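Chains: A, B, C, D and E, in written order; residue numbering restarts at 1 for each.
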Amino acid sequence: MRKIISLILLGIVCVGIIFALYSIPFGKDKIKVGKHYIYNGIKETGAVNIVTSVVLNYRGFDTLGEVTILFIAALGLGVVLYGKKKKRKEGLEPASLVLYTGCRFLFPLILLFGAYIFIHGHLTPGGGFQGGAIIASGFLLSYLGCPRKWISKERFNITESLGGLVFVIMGLIGLTIGGYFLSNFLPKGIANTLFSAGIIPILYCAVGFKVGAELAGIIYNMIE
Amino acid sequence: MKSIEIIVPPVLAFIIGLFFLGLFRRIMARIHWRYGPPLIQPLIDVIKLFHQKSVQHGIMFNIGLIFSLAGSIVVVLFLPFGRICPLSESGGLLVILYIMLIAPLGLALSGGEGANPNISIGISRKFILSLGYEIPLLLILLSIMTHYKTISLMEIVKIQQNTSWALLSFPLFLPALAYLLILPAILGVRPFDVSSAPQEIASGTMVEYGGRYLALATIEHAFSLFIGISLFVNLFLGGSCNIVVFFIKMLVVFTIGVFINAVFPRLRIEQAIKYLWRLPVALAFIGLIIVSIL
Amino acid sequence: MLSPVLLIAIPLGFSFLAPLLKKGAKYIPPIAMLFNLILSILLVPQVMRKPIIVLLGGGWPPPFCINLVASPLGILLALLISLVGFLVSIYAIAYIKEGATEKYHTLYLLLLTGATGIVLTGDIFNLFVFFEILCISSYALVAYNGDKHGLESAVKYLIQGSIGSSFILIGIALLYGLFGTLNMADIANNISYHSLQSPTLYVALAFFITGFGVEGAIFPLNAWLPDAHSSAPSTISAILSGIAIKTGVYAIARVTYTLFSAKGFMIFIATIGIITLLIGEMSALGQKKDIKRMLAYSSIGQIGLIIFAFGIATYYGIFGALFQLVNHALAKSLLFLASGYMIYRVGSKELSAFEGLGKKMPLSSLVFTIGAFSLIGLPPFAGFMSKISIISAGIKANNTALFVFVIIVLFATIIEGCYFFRVVQNLYFKKSRDPAHNCVRDGCPTTQKSEMPISALIPIIILALLIVAIGIYPRLVTGIIESAAIGLMDKVGYIHQILGIF
Amino acid sequence: MNFLSNNIYYIGCFGLIFIGLYIVLTKKNLIKVIIGINFIDTGVNLFLITIGYIRGGTAPIFSRPGLNPERMVDPIPQALVLTTIVIGVSVLALALSLAIRLYHHYGTLNLRKIRELKW
Amino acid sequence: MILITILLIAFGGAFVTYLAGKISGKLRNILAVLVSLALVVLISLIYRREISREYYTLPFLNLKLILMSNPLSWFFAIIIAGIGLLSILYSLEYMKDKERLDYYYFTLLFINASMLGTVISGDLLSFFIFWEIMSWSTYLLISYKGGKAIAAGLKYIIMSIIGSLAMLLVIISLYSRYGTMEISAIASYMQTASIGYTLFILITSSLSFVIINAFWPLHTWLPDAHAEAVSPFSSVLSAVLVRKGIYGLYLFMYVILGLNILNKLHVGFISFSSVLCGIGAVTIVFAAFTALVQEDSKRILAWSTVGQGGYMLLGIVFATASGMTGGMFHVLNHCIYIALLFFVAGAIEHRTGGIRNINELGGLIKRMPVTFIAALVGISGLIGIPLTNGFVSKWLIYKTLILGNHPFLAFAAFVGTWGTVLYGYKFIHNIFLGQLPEKYKHIKEAPLLMQLPMILLTVTVILFGVLPGIPLRVISAIQRQVALPPLQTTLFGIPKEAGELNMINVLFAILISCFIVWLLFRRAAKSVPVQQDDSYAAGSYVPKEKYHYTVNFYNPLSKMITPYLRDVASLFYLNIARGTQRVCNIIRRVYVGEVGYYAMYIVLFLAFLIFIQMFF
């Protein structure tokens, strides 16, 4: 019964969507505001990766919100899982040597790769979130592979907070210097070089650290 | 002249009322095939009672009774007696209706102070009974007042004297009939004497009275007889310009009442109410409807 | 440098700072909210003259970057949020004792930031992001108590909320596909060139209303509300009821008025509002046990009233709606806060446990009564003024359907009266039944007064005073509400202000 | 067939959304419901990307000179999707943690049994 | 400025009294008395002022708040202030050892203040605001005692809210139509309104007044509320608050609409007035007979309050000089004697330790003579025995009814009066007369502070009964205000041209006859006081406990009428309330608790939206 009703309802919605999508043909060029970004993005922000310039400059405020959401998720996890009985996995078998060594070997590499991703966010595909996720995967690996080598949660928290603060403070500095919140007050440099695009790399670094720390923290919380 | 006008009606009412009381016993006796007491026996009784010592129960026991009698006297002052009506300009029939309340209320207050269960029962019955006859009575009075478009009793009498008796005029004979039917209840005589049933509740309200109290109560009874009958005469028989004619009219009405009294047994209170709220109310109601439509 | 962006940035900064402070975290929300409060009060005169458009990012003209619109409406709501947020956070200092307190305070601040962002932003996707900030932090906060009910309601809230968010996102995507822009003024501009015939717009509007309706608690999308309100900590219930659902309503109003200007659709909105009102109030009357649940249902009812007033679609209607929104935020947070410590003291949410509490907690009971009276709409409290303006708007609209709705509103008011008076008489006129039953926690002697701690008392007294003050002197708020209502009605002006900035 | 090939992406993403919705509506296991929500999220994200797509377009990155800006896909949806993914992840994480705790309290994840709060 | 001063003193005084109570009880009592005294004085000062208005702008919806004094409002204001003062005086002793006195005095003063506000407001909005304040503050005081009072209060407040919302509808509708709330302006606009609209206004607004005045189908709140409130407040409730309904009806019918329009409002036989008359008549009869079977002293009085309202209605509905005067005068009279009677009931309650069941009492005349006299005079006023004030107003009303050819209404009124006689006597008999129960052998007369208001009121009852010209002059000023022909009056009654009533004649007649009878009585042989059980039992043993016949006093009658007195209205409302509860309970089941359904609601809503948008 429930299934039938669900199907009927979804059918009606589906019909509506089909009607709606008539006006939005697939694959046609219907970019409006985006075009502006594509044509003026490099000039205005100095970032070659237009997506990055959108993410951190044109729509930098969204990104701030996004960072905040991740932050909230981390905090929320802390709230929800607070007071859960901590069961140290005593009977946990230590990982095999290969795994252990592999993990230890890979861990810095992964971190490095993540850092690369977010530092070069304005040049290549990728950025703070991607880099942060990679870093977090490194921590996941280390948690799985080397259970004894856990990094204290406090540090994650501090990194998180600092990352967020850097973002906000950069925005405020932009407000005081450039007149707009998150305005690009640093010199834009030459396009397609590492030290270009003003504050975008700095913000991406902050985001990268923050996301990494947060995801790692989430993982930590979940595992515990 | 004015002062005589004020003094005459109560005195006459006193005399006529006591006479009616005597007459009442006399006629009853004749109907029962025995000699009755002399006609002035009530007067003698009253005088005698005034000289007897009695018991009393408190201040309200006295005041209530005094109020009661005084109220009756005032009612008499409001009723046109022949041509005499001392207080005709003080509110008319509506005032009479309300002042008529003083007498039973005073009696009830006085009796209530006596704290005898018989009295309380008597009072309770009396009030219920009065509610019983007041409803048709009110309808009757209303139809008269509505018909003549006045609330002044003097006016009513005057109009009747100019035209014809209400008893004989078309819609008003119905209320008149109803009045006759409830007259015994108004007078408090059998079949409606359940409130003072001597055999059952030892005369009800009267049970604690003796001496001057009983005397005053008797006088009050006399007055109420007078009031009930004279009201009928004034309302339906066109009153009279002449005291003698007026008296004769009263006598006729009274006699009819006594005959009814003599032949019916006492009704229980529910029966009385049922009786009063059926035929008389119906008659009066129909009369009122006709009057108000006309 | 009094930029409205600070209303968002500073609390965000503070909340990032909060985890570093550990014990001191509980003072962060009051400070941040006090800052917001002062800032928004300072901004009011400026905004009343001319809305401030704040550009973010590189400062490119709209629609090329996100912008904040500090219109009278936005500032009014921001003021409300910071005021209620400030007071509730003071209350929370003493109230929140157990659990991950510093996380609580941070999340709380973030929730308010999200709400502020929603009311200030001029970009539909940014609105969505702030919406998510608000929602996700409230999911977490609802579960804060960590008991089974809190978790259950949080899960339910989360499931419904995320469906709603997805719907919003679909709506955004449809609009973006149609117009290629995310700026609300720009979209509105485009829509007013299009006639509203395109089915895409219909469907997008449907998605928007459904999505925002989940947070805005319109019937039948509000099933999360009674659960969440009743099982969250009282401070959070207060904020959810006073702020969170208001932002949902704001979003609906924004979408319908500014974005779509769906005039013909308004009567439908009014109908939804009336249904919500009826269902909410009647459920509240039916809920005889759990006081917080009753209050939650009452919130549903009040939201229905607000939405109904928005649906009248005249200036007076919007005025009444906003006025009611403000009053309800004040009164309902007052009620939740007052009931918070009452529940704490008697150790039960049962209505019957509150019997005779008027003696033990005289001030809390008094303010509870004031809040309840204000909600019923009794003069001289604030709720009366707003209710009367809604009713007068409904009658002035000169529409038979609306007139019938007004009568239903009056009927609902009666129901409201029934259940609130039930509580009031429990507080004052019933003798407390079982002494042992009353004080479970704290071991307080039963005869003794056990009023709230002073830091919790101050906010609720301030709220009560505000309610009375607005009721006696409505000019306190009506000025800004009037210009907010004009602003919301004036779609062309809105577009012009934003797009015509350069 | 032409219709299908033209709209295969739309069909795909809305297919995901509807499957997700269907799961949420009919399944009673909390984990499944969470998965359903994730389906919806993914579908919506795909839809966003699809809307910004141009047939034969390239990524909007001027990694080397001479790229044709006309052929670049819309960068905005990509930026948006970045945000929505993060939101999805956050919700997912929170949902899962709630599920963990809920299981502790109720001993079940059957949503038909987790209904102490009602009416 | 005097009007705003009055209001400020009234409201401010309430708050100050409350705060003073936190310092010391004595200070509070003094303040309460002073405030209410000041109100009486101030209001007396504005007597004879010509119609005066004071404007205060409410910066909201562009409305002006107007305070206005005119004869009508003065009439009601002085009643309110006077009864307020007396009840405060009375409370000083009565409430002495009760709890939460600050609250009590505060609320009582607050209610008085709001009632004053309603009568001196010159626009409908402030009228409504004060009205609502009055409603809820009254609720707070009705429920003050707890116990049964809680339900009574709830009943009251719900009905009162229903009424005031109806009034709100009217007010807002008038406002949206004419853009003003000023009574005089609306009155001039209404002259041109359509019949239908006028009827709507009249019927909807009178709903509220009918409720507050407790007319028949909507009376159900009153008996409970009056019986359960504390006695000084019951007197305020019954004397003043309830009569706000009459004020409101008068305001809407005569001040706002005026005679011309009222006369137009009829469909065939049935006119608005005739419907009201019917309600009034039913109220009178029903209430009188219900009071008859009550056993609770305050409940009897409460029902009598219901019933007497009918007389007022019958009076004011007929826009003749005598009817209107009678109605208004009856408001005043009823207020005086019912306050007196509630004071009496309160005094008895106070001395006997809260006994309200009159069957348990008896013989108190010996212990509480002053109270007895007060009760006797009060009941006489209630019945309308000549020489009490109630008589004059009833006389006027009857006269109007009879001469206006409404014999059936008059009949109802008369029957009601007879009912009143019965229960009035029962009240006195069961409480004061007869045997004094053992346990009350040693109770004292009511304290002096409680006697004082009773004595004052007793004197007033007689005074207005003998010299009705004094209040009638004030009332005729009211009539002039609404362009009705005023009734000619003399000091002792009504002159011959207007239908002759002369109370001084009646007074002398009664006094002289009493004197004569008393002389007769004095001359006769003396009597000996005896114990009450002596004569009944003739010396033999009777149980001491109780032989005073009180229980079920009018047994045969009650048996006959009780089947007809089932409070159908009350049951009906109860069923409505239950039904609503049930419906609410069902509706709340929408929130089933299973999240799948909730999700389905969401999708359903979406589908529904899409559906209707697609196809409509």
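The criterion applied here is as follows: contacts are C-beta pairs under 8 Å (C-beta built on N, C-alpha and C of every residue); 3 or more make two chains touch, one makes a residue touch a chain.
Just so we're clear, the structure is a prediction, and the values are computed from it rather than from any experiment.
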So which chains count as neighbours of both chain C and chain D? A, E
Most remote chain relative to chain D, going by C-alpha centroids? B
If chain centres are mean C-alpha positions, then the most distant from chain A is chain B
Does A-C or A-D have the larger number of C-beta pairs in contact? A-C
Chain A and chain D, separation of their C-alpha mean positions in angstrom: 17
Centroid distance [mean C-alpha coordinates] between chain E and chain A, Å: 73
When the C-alpha atoms of chain D and chain E are each averaged to a single point, how far apart are the two points in Å? 69
Using mean CA coordinates as chain centres, what's the gap between chain C and chain E in Å? 43
Multi-partner residues in chain A (2 or more other chains touched) are 2, 6, 9-10, 13, 16-17, 19, 21, 24, 31, 33-34, 37, 59, 62, 65-66, 69, 72-73, 76-77, 80
Residues of chain C whose C-beta touches two or more other chains: 125, 129, 132, 136, 139-140, 143, 146, 151, 154-156, 159, 163, 177, 180, 182, 199, 202-203, 206, 226-227, 283, 286-287
Counting only residues that touch at least two other chains, what does the list for chain B look like? none
What pairs of chains are touching here? A-C, A-D, A-E, B-E, C-D, C-E, D-E
Residues of chain E defined as touching chain A within the complex: 596, 600, 603-604, 606-607, 610-611, 613-614
In the complex of these two chains, what residues of chain D are touching chain C? 17, 21, 24, 30, 33-34, 37, 40-41, 44, 47-48, 51-52, 74, 76-77, 80, 83-84, 87, 90-91, 94-95, 98-99, 101-102, 105-106, 114-117, 119
List the residues on chain D that touch chain A in their complex, please. 6-7, 9-10, 14, 18, 21-22, 25-26, 50-55, 59-63, 69-70, 72-76, 78-80, 82-83, 85-87, 89-91, 93-94, 96-98, 100-101, 104
Within their complex, state which residues of chain C touch chain E. 155-156, 159-160, 163-164, 167, 199, 202-203, 205-207, 209-210, 213-214, 220-221, 223-224, 226-227, 265, 268, 279, 282-283, 285-287, 297, 373, 376, 378-380, 384-385, 388-389, 391-392, 395-396, 398, 406-407, 410, 413-415, 417-418, 421-422, 425, 428-431, 474-475, 478
In the complex, chain C residues that touch chain D: 125, 129, 132, 136, 139-140, 143, 146-149, 151-156, 158-159, 162-163, 165-166, 169-170, 173, 176-177, 180, 182, 226-227, 230-231, 283, 286-287
